[in-house]
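Handing you this structure, nothing more for now.
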C-alpha cells in the first residue's frame, strides 16, 4: 500500500474508521502511526475495517462487542479496549450493554481482566457525554 | 456449595446448562468433574450460568458469541470453544454467523488463533446435523 | 445479587476482603466498581472471597502466594499483583518470601513478567512500613 | 554448558529433578531433549532446578504448588502441569491440596484454564497409585 | 474477496505460500479452510503472504525466524509453529539455527513454551529428510 | 549466586549487557533490581546474557530481533520491548528493519500488540539520536 494512491478498500475503511472512531481516541491512535509506519494505517483501513468489520453477516454493533470481548481477554489491550467502547457507543450501543459484554468475560478471561476493563469503561463513560 | 442440598441458583444454572449443552460435549465436560472436584460443578452452574449467562441485558445467543470470541482469543481453550459453538447452534445461531464471529477475531487475536478456531468449528459442524 | 439485601456469602466475603485489603489498594479497586457495576462487587465478595479464598484445605497465606503466582504469569495484572502483595503481607507473609514466590515464576512465566513483578513488589514494599 | 563435563550445579539439579520427577513424565520430557538440544537439559538442571527450585526461603512443596499455579494460568502448558502435579505428590502434597491449588486459579486465570487443569489432574491421579 | 476472480495479491501470496509450505503441513492447513471459510484463504494469501511476508526490508528466512519466535511465545500455536519450521527449512534455514531461534525464547516466553517448541521441532526434523 | 564473588559467567554477561543496554533504559531496569532481589541480576547476566544471548549460531542483532518479536507477542512487556529496540539499534539495526520486525508480528500476535509496539518504537526513536 502506498499512501500516494489510495485504493478503494483504503478509502472505504478510512470512512468506516472515521464513522466509528472519528471524534475519539481510536482515530488518533491510527494517525499517530503516520510517521513511524504509514503502511500500517493502510493495513488497518483495508484489512481490519474493509476486510473484516464491513463484512456482511453480523451488524457493526455486534462486531464491536466481539472486539471488546477480545480486548478484555487479551488483558494488555487497554487503549484498544477504550477505543472500541467509544466505537460501540457511536454504533448505538448502550452503557448497560457494554457493561454486560465485559461482565460476560468474567468466567473465561478472569477477574483481573474483567475488573480492569470495567474501570477502563468507567473512564470512557465519564469522558463521553 | 454442597452437593447434598442444591441451591436455587444451582438448579437454575444446571437447567440452563442442559438446555444449551445437554446433548453435546459441554455437558460431558462438566460431568467429568464429578469425581475430581464436585464443588466446581456447583461453581459453574451457580456462577457461570445463573450468575453471568442468565443475567438480563443481552440475549443468550449474543452471550454465546462473546464467549466464542473469548475462547478464540485465549488460544488454548479448544474444548470450551467447541462446546460453545454447539451451544450457539442450540441457541439459534447459524453456521454462517459463527464463522463471522471467529473471523472477527483475526485482527486482534491473530491468525493462528483464528484459523485453529475455524478448523474447530468445521469439526463441530461436521458432527452436528 | 442486589445490593439492597446482602447475602451471608456477600457479608462473609466483604469481611475477608476488608481483613486482607482493608487499608490498601485492593479495597479501593473494589469500591471503584460501585458506580460502573455494583453487581461485580457482589461477585468478588461472594465468589472470589467466600467461594474460593475462604475454602478449607489451604491456608490464606498460601492462597495469596498462589494468586501472586497467577498475577505474575498473566503479565498484565499489575494492579491486582500489588493488591495481593499487600494482602500477603497482611496475612503474615514476609518480603523475603514474596520475592521468592515471584522469582519462582522465572522459568515458566519468563523474565519480563518476573522482573516487572519484582519492580512492582519494590514499589509496594517502599510504601508499606 | 557442555555435556562432557557436568558442573556441580548440573549434577545438583539433575539429582533434584530425579527426586521429584524420577519415575514420572517430567523426567522423560527432559530426556527427550537430548538429541534436539542437549544444552537445554543443562539449562533446566542448572537454572530451573539448582538456580530457582533449590533456593532457600520456600519449601519444595510450596514451590511445586506455585509452578502448578503458573502452568494453570498459562493455559497451554498441559504437559508441564501434569509433570508438576506428579512432582507435588512426590514432594508430599495431597490430591486434596492439589485440587485446591487449581481451584484457587479460577478467579484470575479463568474457568477454561481451571477446568482443563482439573481434568489433567484427574488423569494424573488415575495413573498414580 | 471472492474466489471466482483472484486478485493479483491473491495469486502472488498463493505462489509464495506454495514455495514455502508447498509440500508441507502449512499448505494443507490453508486448504482445509476451503469449505468452512474460503474467504480466510484469501486473507492469508493477500494479507499474510503478499501484504506482510513479501515486503522488502527483511529477507524471507529472517521473517520465518520471527514468526517462529511469535509462535513459540504464543504457546498454543503448535501447528503453526511446525508449519513455519518447515518453511524456514524450505527458505534455507538450518536445523541448528532453528534450535537457536527457539532457545532464544527461553528468557521471555519461558521454559514450558521453549521445551514444547523444541519437541515440536524434533518431530518436524524427524519427518523431513 | 552471591554478589560478593562474581563468576566468569556473571562478568561476561554484565559486559554484554553494558555493551547493548549501557546508555539506555535496559541497564537501569536491571540496576533497579539491586535492592529488591540482587540475585535476579546475576540470573539475568549469567543466564539471559551469557547463557543464551552470547551463544554461537545466530548473530546478536538477529537475537535482538527475535526478542523484540517475543516482547511484541507477549503484549504486556512494553518496558522490555523498548529496552531491546534500543539494544537492536546499539547492535547495528536500523529503524526501518525494527519497524519491519514489529510489522511481521501482525498476523499472529495481532493488531493491538503490533500497533502498541509501533507506538513504543516511535517513542524510542524520538529519544535516540
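Read from first to last, the chains carry the letters A, B, C, D, E and F; within each, the first residue is number 1.
Everything that follows uses one rule, which is that a residue touches a chain if its C-beta (ideal position, glycine included) is under 8 Å from a C-beta of that chain, and two chains touch if they have at least 3 such contacts.
The structure displayed is predicted, hence computed values, not measured ones.
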Discussion item. Taking contact as defined at the start, I'd like the list of chains shared as neighbours by chain E and chain F.
Written reply: A, B, C, D
Response to the item:
Rotating chain C so its CA atoms sit on chain E gives an angle in degrees, to the nearest 5, of 180
Worksheet item: Using each chain's Cα centroid, which is most distant from the centroid of chain F?
Response: B
Worksheet item: Of all the other chains, whose mean CA position lies farthest from chain C?
Response: E
Discussion item. I want to confirm something about chain A and chain D. Since they are copies of the same sequence, is their interface symmetric in residue numbering (over half shared, so same) or not (under half, so different)?
Written reply: same
Fill in: Interface copy of D-E among E-F, B-F or A-F, judged by whether over half of the contact pairs recur
A-F
Fill in: Chain centre separation in whole Å, for chain E relative to chain B (CA means)
30
Response to the item:
Taking each chain's centre as the mean of its CA atoms, chain C sits from chain D at a distance in Å of 24
Item to complete: Between chain D and chain F, tell me the centre distance in angstrom, where each centre is the average of that chain's C-alpha atoms.
Response: 28
Practice prompt. Could you list which residues of chain D touch at least two other chains?
Written response: 43, 47-48, 71, 74-77, 80, 99, 103, 106-112
Worksheet, complete the sentence: Among line, ring, star, complete and other, the chain touch graph is complete
Discussion item. Give the list of chain A residues in touch with chain D in this complex.
Written reply: 107-112
Worksheet item: Inside the complex, what are the residues of chain D that reach chain C?
Response: 47-48, 52-53, 55, 57-58, 62-63, 65-67, 69-74, 77, 80, 96-97, 99-101, 103-109
Fill in: Residue ranges of chain C touching chain A (in the complex, touch as defined)
29, 32-33, 35-37, 39-40, 43-44, 48, 71, 74-77, 79-80
Worksheet entry | chain B to chain E touching residues, read off their complex | 75-76, 99, 102-103, 106, 110-116, 118-119, 121-122, 125
Worksheet item: Can you list the chain C residues touching chain B in their complex?
Response: 1, 43, 47, 51
